[in-house]
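What follows is chain A paired twice: with chain B in the first complex and chain C in the second.
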Partner chain A sequence: MTAKRLRVFALLAISTIFLLAWAFPIIWSVLNSLKTDSDVLAYPPKLVFTPTLEAYRDVLFGSGSILPNLLSSVIISVGTTIVTMLMAVPAAYALARLRFRGKRFAGFYVLATQMLPPVGIIIPYFLVLRNIGWIDTYQGIILIYLSFSLPFAIWLLVSYFEDIPFEMEEAAYLDGASRLKTLWRIIIPQVRGGIAVTIVFVFLNAWNEFLFAVVLSGNTVRPVTVAMFNFVSVEQTLWAKLAAVSVLAMLPVVVLGVVAQKHIVKGLTVGAVKGGGRR
Partner chain B sequence: MATTAVTSAEIASEAPRSDFGRVLAQRERRFAAALLAPAFLALLATTTFPLLFLIYTSAFRMDLAMPFTNGFVGFENYRTLLADERFWTSLLVSLVYTGSTVALQVIVGLALALLVMDMKRGQGWFRVIAILPVVLSPAVVGMIWRTFMLAPEFGIVDYLAINAGLGSKNWLGDPTLAMVSVIAIHTWQWTPFAFMVLLASLASLPEDIYEAARLDRASAWQRFRRITLPLLRPAIVMVIIMRTMVALTAFAAIFTVTAGGPGTATEILNLYAYRKSFTELSIGYGSALAVALLIVTIIISGILFAMRRAK
Partner chain C sequence: MPSFTPTRRTLLKTGTAAAAFATVGPAFLRQAAAQDVDLAPYKSAQIDWQQVSGETITVAVIPASYFENLITLAPQFKALTGIDVRFEKIPPAQIRQKSVIDLTSKTGTYATHAADPMYYALYAANKWVEPLDTYLADKSLTDPAWFKLDDIIPAWRSANGIDGKLYGMPYDGEVTIQVYRKDLYDAKGLKPADTLEAYMSNAAALNTPNDRVWGAALRGVAGAGQNMYIYPSIFREFGGDWMKGGKLTVNGPEAEAALAWYVDIMKKYAPTAAANWNWPDIADAFSQGTVASYIDAHSSASVINNPEKSKIIGKVAYARWPKGPSGKRTTSIWNWGFPINSALPEKKRKATWLFIQWAASAETQARTAHKFAGPTKRSGVNRTSVWKDPDYIKLMNGFGENFVAATMGALQEDTDVDWRPRVPQWPAIGDTMATAIQSALSGQATIKAALDDAQRRIEPMMRG
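Entry: the complex of A and B
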């Protein structure tokens, strides 16, 4: 049985290394955010130190506070999520449950829009927004975010809609309920879980987006992922503050990610497993 | 496109001659159109229109820094592009970046999934930790790696390198090391994705085939080659497709870590198009580069989708 014990030990060692490798950069940022600059810069790196919330106090309430940027991120992400869901739920329902001419083409179109490289979209979009004065506005950013959030949300939702049995809406429909009423009263409650997962994904993607945000943001609308750069300059890096800002930018997505972990895996794999299984 | 039951629409289409059926089918079409309209208008405005406009602007000289030189130039931007060494370099960098990160993600992800699959305890830890890099913003990830992990004589990676006797290295300043670094960062962030998808896929494989194989005294390697790999093939190909699309247009992490440098060592095609358009402000040429990226994307995805169908 020694061979087996050796195997178990090797397994344990490998898995520990991988878990550490994945978690370490995040843990290290959290630790650094609780240090003073001199502790961050200490060599060899300090694992034991007196924790302080000074960096957080400075980046939140000091001069050049990132509170407005956090607020921008929240407005953009929540706004994108609301607009996306309002459009994606009806569209996904139609694609999954209704019969109409051109349905295959419609589905293909949604899929194809996902393949456009973002840099190709942002160049013309920038020119148009500049002309109508929408650079540095919420509506400008939220609108362009639909380019990636809508196709994704529609496809994810279609996979959830397809799972509901047809009998339910059939019964409601034959009972004389209108199409819209059937959708609202019978179908939507059935896919509540799928809608929640989609909301999480759309929010995460909007919170994390960077390229569009960099091009379109200005002094009024500047999400935290872009504002983070203020803490790194050629002359000096504000180490502890940078760590604190990174942690604040990570916080919402990490919390959402861990809470919705099981569903996220399902959402991620829906395309992969389904797409593969179909052929 | 589920296969279940008979819908009202199907009842309707079975009796196409009756007025009732025709009215129902027509109503269903109108309802579908009304539900699809908002989303499709938004998609037209944010994807299709920009695409057409991009192709249009690529036929112009459009220099925001020197507007007096602007004008229609036809295919000149594309002729310039074909003779542009920086374009070819960035294309090569893109292919190396995409190819190596996707290969690493699939190989490491699959190896880990097979390993974790056999674990009786501790699977939960993997599932929770693996979700972290995937949900993080690539911009934040890039920033963390650039500062706390890779900074010379201060970052943890350099600390480990010094202690391993390799000495301090200029991880982001040396062209080769910078490329290795951005590839490592991308792989770090996205291997958990491949891992999770492949683990889910592994868990769905039928157990009885393995039982039969064991009775036939197939070795572990034979079982992997002959059973696991073929059954996982659809999921693996799908992971490759999804990850390739993302890697080709990766931006935030490279932008925050090296900004394409040193020089053009890590400048993928995507980043070159961005720099031309928004740093050097030659939008027309930047558009042509973006169109080139789109063409490359279409070619590569065409190849990958063909791979998916082929046995």
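Entry: the complex of A and C
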């Protein structure tokens, strides 16, 4: 009995240490976002200080307001998620259920873009977008994001579709339902969880993306990940403001994470999302 | 002197008017601002500023106050030339990447961009940017008597030139100098160091980590613009030469002695964390009173004098780089210059040149510096004449004792065009050297091993 208790205690201690290590950057950001610039630099670091919302006010309503950037991020992430899901669900269903020529090849081809390091494909993407005049546009960035979110979503969803017993579908056919109706009424409700997980991952990948965004965006479309960088200037690092923007950029992710936690955990255990996506 | 100082009333007036005509607001505001501005100093140039009126160009800059001030004045440029300028602010690390992508693909996205002087060798070798000589010599585009090219700091011009041809017009720059705590130095009867040896002994005398004061700090973090920004000065001062017999050489006895000095001072007298510091971190630490001296860009003076953060205002003084064993002082030759993108059609190239000429002119330099209406004044103006302007000198000496003399002395006498190896392969070489320096600073490799390894890696790059 005591041995078991000791084990529980040890495990708790270890997990607390890990939790603190992982949470530290977030705690640090939240604390610093509430400090003034001189408090940020104070030594020893102040744990007790007069919190101020000055940094938040500056980054939201000051001259370098990030509100347009947050809006850019929302449009890009939501746009990417919607288009991805509209295309990924039928594609994943087809790959999981239908028998057609070149199915194996198609399945493999979907992964092709995932095989190159992103840095290697930035320039071709830049040139393509430049030639069709889509640099610094929402459709341009969403199009490029689709190139990695779509394969990821398809492969994630295929495993969910494959889990559904074929008999369920057959029963629907026997009752006279068409293939589309079966998909809509029978299959999709069964993979609700999988779809939720996919939505969360696709959204997060798009929200946190930086590498493509910094090259393909401009003055019109500039997501918050790129705009945040401007607080690290050659002249100085504006720690309090940088921390405030980080916290603001984290919020939607945290909210989404809490709401979808149940599904995410389930999704991870399915085993189809090793590595949790590329970015 | 004519200058752009909108009164409170004109600002209020244009504000109300713009609100009343909300649909035409932005255009109206621009016009109103333009009318208030005295353009006479520009119009005395014997050129037709309006020759390519109606063109639009995009200019990439980094987010920094000296470019912010220029952006504020852009409506004046529009009024003068009829050219629209779209500014795009890109962080320093990405501006190199984005502009190189733009130049290699010949898309002409950025008519000009804030360029790193170390990149001109690459730009010129590929003919991605135009030699500016053509534009300077064209009487229809430039009035030499008005523009006065010679007035622009020679060190920065030579930094932006390849084989005697200018490729980028310096707009704002910096030099590395000694920054020290006069109060601490005085208390111990120390003088700012004249030699690297003295710099080390000063640092030793002031190093009292128990009182949270360290002797010195230099940029330690790996990067072509970080530790490879400071090390080249030490290397040159120890008599190092990047080109030995026409071959790029980064190892050898001078290099070993230079790196040993760097490692020594960082290990013994700098805060342990400084191995990962870039200059904003050094300036932050100095402003909190924990570092007795550092050698870095003169422009950091504005950060350590920021009343909202700094605890050491009034206790700072400046001096030039200490001399190395070779008897030389070697400062940086850093500046942000504007090149002309070769991929542009002729009319846009002309528009770009007019923009560059306007931005680099004495009048615009003054209007973005001591005559600027906003809170931030530039400390990196590109012209000797502005550095001699009493108003500007008064403003700059507010940063502390000997600021202007140290900066100007460094700019005029301590510069060395071959401070860093100016070859097209620089981006890769800079990174390789930065990694080597870091491995020596962190003790992962001995000094000799780190440098020999760097040499081995660099040789194939030079062949390719």
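One rule holds in what follows: the second predicted complex is superposed on the first by the 243 of 279 C-alpha atoms of A that agree within 3 Å, B and C clash if a C-alpha of one lies under 4 Å from a C-alpha of the other, contacts with A are read in each partner's own complex, and residues count from 1 in each chain.
Following the convention adopted for this analysis, a contact is a pair of C-beta atoms (placed from the backbone, for glycine too) under 8 Å apart; a residue touches a chain by one contact, two chains touch by 3 or more.
What you see is a predicted model, and the numbers here were worked out from it, not measured in a lab.
In the three-chain model built by superposing on chain A, chain B clashes with chain C.
When the two complexes are overlaid on their common chain A, residue A:230 makes contact with chain C while staying clear of chain B. Contact with both chain B and chain C is seen for A:43 once the two complexes are overlaid on the shared chain. More residues of chain A are in touch with B than with the other of chain B and chain C.
Contacts of A:208 after superposition: chain B is touched, whereas chain C is not reached.
Within the superposed three-chain model, A:25 lies in touch with chain B and out of touch with chain C [touch as defined at top].
In the superposition on chain A, contact of A:4 is made with neither chain B nor chain C. Shared-chain residue A:117: touches chain B; no touch with chain C.
Residue contacts after overlaying the shared chain place A:128 against chain B, while chain C stays out of touching range.
The single stretch of chain C with clashing C-alpha atoms against chain B, selected from 37-45, 55-63 or 91-99, is 91-99.
Once both structures are placed on chain A, chain A residues 41, 43, 123, 126-127, 214-215, 229, 232, 237 are touched by chain B and, in the other complex, by chain C. Only residues 1-2, 4-10, 13, 25, 27-29, 31-36, 38-40, 42-43, 45-51, 53-54, 57, 112, 115-116, 118-119, 122, 125-141, 143-149, 153-154, 156, 159, 188, 192-193, 196-197, 200-201, 204, 233-235, 237-239, 242, 245, 248-249, 251-252, 255-256, 270, 273-274, 277-278, 283, 286-287, 290-291, 293-294, 297-298, 301, 308-309 of chain B touch chain A when the two sit together in their complex. Chain A meets chain B in the complex at residues 11, 14-15, 18-19, 21-26, 28-29, 32, 41, 43-45, 86-88, 90-91, 93-101, 103, 106, 109-110, 113-121, 123-128, 143-144, 146-147, 150-151, 154, 162-163, 165-167, 170, 173-174, 179-180, 204, 207-208, 210-211, 214-215, 225-226, 228-229, 232, 237, 239, 242-243, 246, 249-250, 253-254, 256-258, 261-262, 264-266, 268-269, 271-273, 275-277, 279. Residues 36-38, 41-43, 122-123, 126-127, 130, 135, 214-215, 218-219, 229-230, 232-237 of chain A are the ones that touch chain C when the two sit in their complex. Taken together, the chain C residues at the contact with chain A in this complex read 62-65, 86-92, 94, 97-98, 101, 104-105, 107, 109, 212, 280-281, 283-284, 287-288, 290, 299, 302-303, 308-309.
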